[in-house]
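Chain naming follows the written order as A, B, C, D, E and F, and within any one chain the residues start at number 1.
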Amino acid sequence: MPENRIATVRPVAEAEATGRVAEIFADIKRTKQIDFVPALWRTLATNPVELELVWTTLKTLMHPDAVGRRSQLEPTTREMIALAVSATNGCSYCVNSHTAALRKLGASTEMLGEVLAIASLFNMTNALADGYQIEPDVLPPLE
Amino acid sequence: MPENRIATVRPVAEAEATGRVAEIFADIKRTKQIDFVPALWRTLATNPVELELVWTTLKTLMHPDAVGRRSQLEPTTREMIALAVSATNGCSYCVNSHTAALRKLGASTEMLGEVLAIASLFNMTNALADGYQIEPDVLPPLE
Amino acid sequence: MPENRIATVRPVAEAEATGRVAEIFADIKRTKQIDFVPALWRTLATNPVELELVWTTLKTLMHPDAVGRRSQLEPTTREMIALAVSATNGCSYCVNSHTAALRKLGASTEMLGEVLAIASLFNMTNALADGYQIEPDVLPPLE
Amino acid sequence: MPENRIATVRPVAEAEATGRVAEIFADIKRTKQIDFVPALWRTLATNPVELELVWTTLKTLMHPDAVGRRSQLEPTTREMIALAVSATNGCSYCVNSHTAALRKLGASTEMLGEVLAIASLFNMTNALADGYQIEPDVLPPLE
Amino acid sequence: MPENRIATVRPVAEAEATGRVAEIFADIKRTKQIDFVPALWRTLATNPVELELVWTTLKTLMHPDAVGRRSQLEPTTREMIALAVSATNGCSYCVNSHTAALRKLGASTEMLGEVLAIASLFNMTNALADGYQIEPDVLPPLE
Amino acid sequence: MPENRIATVRPVAEAEATGRVAEIFADIKRTKQIDFVPALWRTLATNPVELELVWTTLKTLMHPDAVGRRSQLEPTTREMIALAVSATNGCSYCVNSHTAALRKLGASTEMLGEVLAIASLFNMTNALADGYQIEPDVLPPLE
């Protein structure tokens, strides 16, 4: 039975990591409270500059407590946005990853279904609005 | 100065609507508590079957109280998902519309910024996961 | 050999369905003249409200005879549009599903090839038009 | 009032075209039975190699009679696929262009509405199938 | 004549910027050797955390000399990748911005045309590969 | 273990090819200096008209020496654009194929990482620019 996705680089195993990469791996496990380093991060570790940039961005936006930032959104809301974007882009790894994160935060199958129902509805209306080239309604003045 | 978007059909004016279309227009204004019918709905009114299907779906998912359904999500969370999808698809009408809806629900520029920051972050990681063809991590068993 | 897509919820087996879900499952098989319920519908059955909304929309638009609606399009044309959209979005399940539906309607490999050739051509021109930010030509007045 | 799309190159005016570009411009007008060269082709004329490649591909696939090819699809079906792809990608120029082509072929607002309704429905189901990572159903053997 | 894109927040004017935002504005002008702050950055300034994250990422990846990093790619190659992505996504602001950057680096209309021709070709083949669900060829072992 | 991608047509084996298809297969191997015909081309061979159109386009744009054209871009730059587009679209076959091509041209894991880092960055900024509906900056006059 053929595989149909073939990773294009060899991810860095946790045991192989040294220096800054090892520090980031440890920070990922500590911040996300997980006991393994997900494949995305082990793959980005083949390019340590990018590993650091993406982790800094994700940590700041998705784990605000860890950087002393006050977020306006709940953790589940943040993961729901992530899942909606990933479903829209059809990114398999990302859908699996953000579904797992939502499950860990306690989301039920029903809640997951509601997120995907809403995301898919707006993929429908987006195609309609663009397909008819609908002009925006007049908006309230900017804040 | 040239326009660069040209609506491809003539939207139905509110005063022109009759029968089922007029009923749906009234329901849209009542349900959304607005005093005009947005251009999307007046455009879909050129195809009344589709107007009814899309309005039924949107009313059920986005205005659960109006249909006696219990939603697991807050109204602002639902609109944030809509904005994240619309930003990902680059749909101008939709971005304007869901931003206006979020403003009406009280979202600040800061909160809007956080939604777009998260949505854009995951457009970045989606491209990385797909660009490296990363294999999913092992997931917890399904519920 | 690792799998690389992992369903995120457990689909509802046909034998498990009761009440409204069982009725919709029966309607799907009758309307589509198939002897099993495809995975999309068994998955949506984990969220019965969405199952009903999506099935109502799809039945109305894709099986107009079943709802007494007069369609302007042939059944094969409707499935070709579905396949073109699914190829554009890169949705694996959807490409497989709409290809199977086209085959069942009698489409040859040659006809399938023509649909995909046209869909892919316009993915090329879309990128050119957007990449140069080309202004629309003046259009004829709206009907 | 600000414009919000700015063409990134200066299109070639019809009167400026010489040699192979002038020949292709003439062929476009003759084949499409129009009396001007649309902006897409005048823009591609800034890169004559690409003008020739894209025109050859489009002429072969969309104007089969002009090249003595037998198509399995009706002209309106071909334009409907083009519109569905363009709506899915949100390409303004392309939506305007293929809507104009469908109008010229006699498509009514109702028929246009049906194409967009179907295209948008499958943008919804694509997001659901990808958002749940649904496994394909078992397909019939290939032809 | 109606506008059809409406900015959803009021960008921060250069004269309004203070503190960290003013520092980043100055760094943007110095690093990019331009005498104004582009609208993207003035918009992100409504969310200073995001302004800092996106600027750090862009400065590191696109202006490696400014951070003492050795890039494997030429500046024009980097901007070509940016334009190809923006054309694929149909992002107007981004296409305009990266075209301007390529012009500043000396790219001719011919070179711009070649980038867009290649980007659009692969949007065509992407739709074909996904539309047929083509299995990957066997790849050489990973490095 | 279920497969999750199912090719929708049976590709043409090299030994089966005759006439024009066999000639193109030979030209592909000669031009690309490979000893097998990749699955994309064997699949397109089920529709010989499309095989010829796509191969002519790809050969002209990606193998300019083979057609006596002068390209402004390096071979690696061309493949990097191809990879960036494929990662943006999430096309598995295409990502695998263009990664293999880049490897063959000598690209290191580090260089591959830089391409994907840049492509993913601009998927992030594209979503921000579209999500805020940012107006283009004033551009320099067209060349």
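Assume a contact is a pair of C-beta atoms (placed from the backbone, for glycine too) under 8 Å apart; a residue touches a chain by one contact, two chains touch by 3 or more.
In this text the structure is predicted, and so the values were computed from the model without any measurement.
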State the smallest step count from chain A to chain F, taking one step as a move to a touching chain.
1
Quick one: which of C-D, A-F or A-E reuses the A-C interface, over half of the residue-numbered contact pairs in common?
A-F
Compare the CA centroid of chain A with every other chain's and tell me the farthest one.
D
Could you compare the number of C-beta pairs in contact for B-E with that for C-E and name the larger?
C-E
Over half shared or under half: which fits the residue numbers at the contact of copies chain B and chain F, same or different?
same
Distance between chain centroids, defined by C-alpha means - chain D, chain F (Å)
21
Chain centres from averaged Cα atoms put chain A and chain D apart, in whole Å, by 34
In angstrom, rounded to a whole number, how far apart do the mean CA points of chain B and chain D lie?
27
Give me the residue numbers in chain A that touch at least two other chains, ranges are fine.
1-2, 4-9, 44, 49-50, 53, 57, 61, 85-86, 88-92, 95-96, 99, 109-110, 114, 116-117, 119, 121, 123-128, 130-133, 135-136, 139, 143
For the protein chains shown, what form does their contact graph take: line, ring, star, complete or other?
complete
Touching chain F in the complex, chain C uses residues 1, 3-5, 90, 92, 95-96, 99, 109-110, 112-114, 116-117, 127
Per the touch rule above, chain E residues touching chain A in the complex are 2, 4-10, 49-50, 53, 56-57, 60-61, 69, 135-136, 139, 142-143
List the residues on chain C that touch chain E in their complex, please.
83, 86-88, 90-92, 95-96, 116-117, 119-121, 123-128, 130-133
Complex contact set, residues of chain A against chain F
1-2, 4-6, 8-9, 44, 46-47, 49-50, 53, 85, 89-91
Footprint of chain A on chain B - complex, ascending
5-9, 11, 36, 38-40, 43-44, 50, 54, 57-58, 61-62, 71-74, 77-78, 80-82, 84-86, 88-89, 91-94, 96-100, 103-104, 108-111, 114-115, 117-119, 121-126, 128-137, 139-140, 143
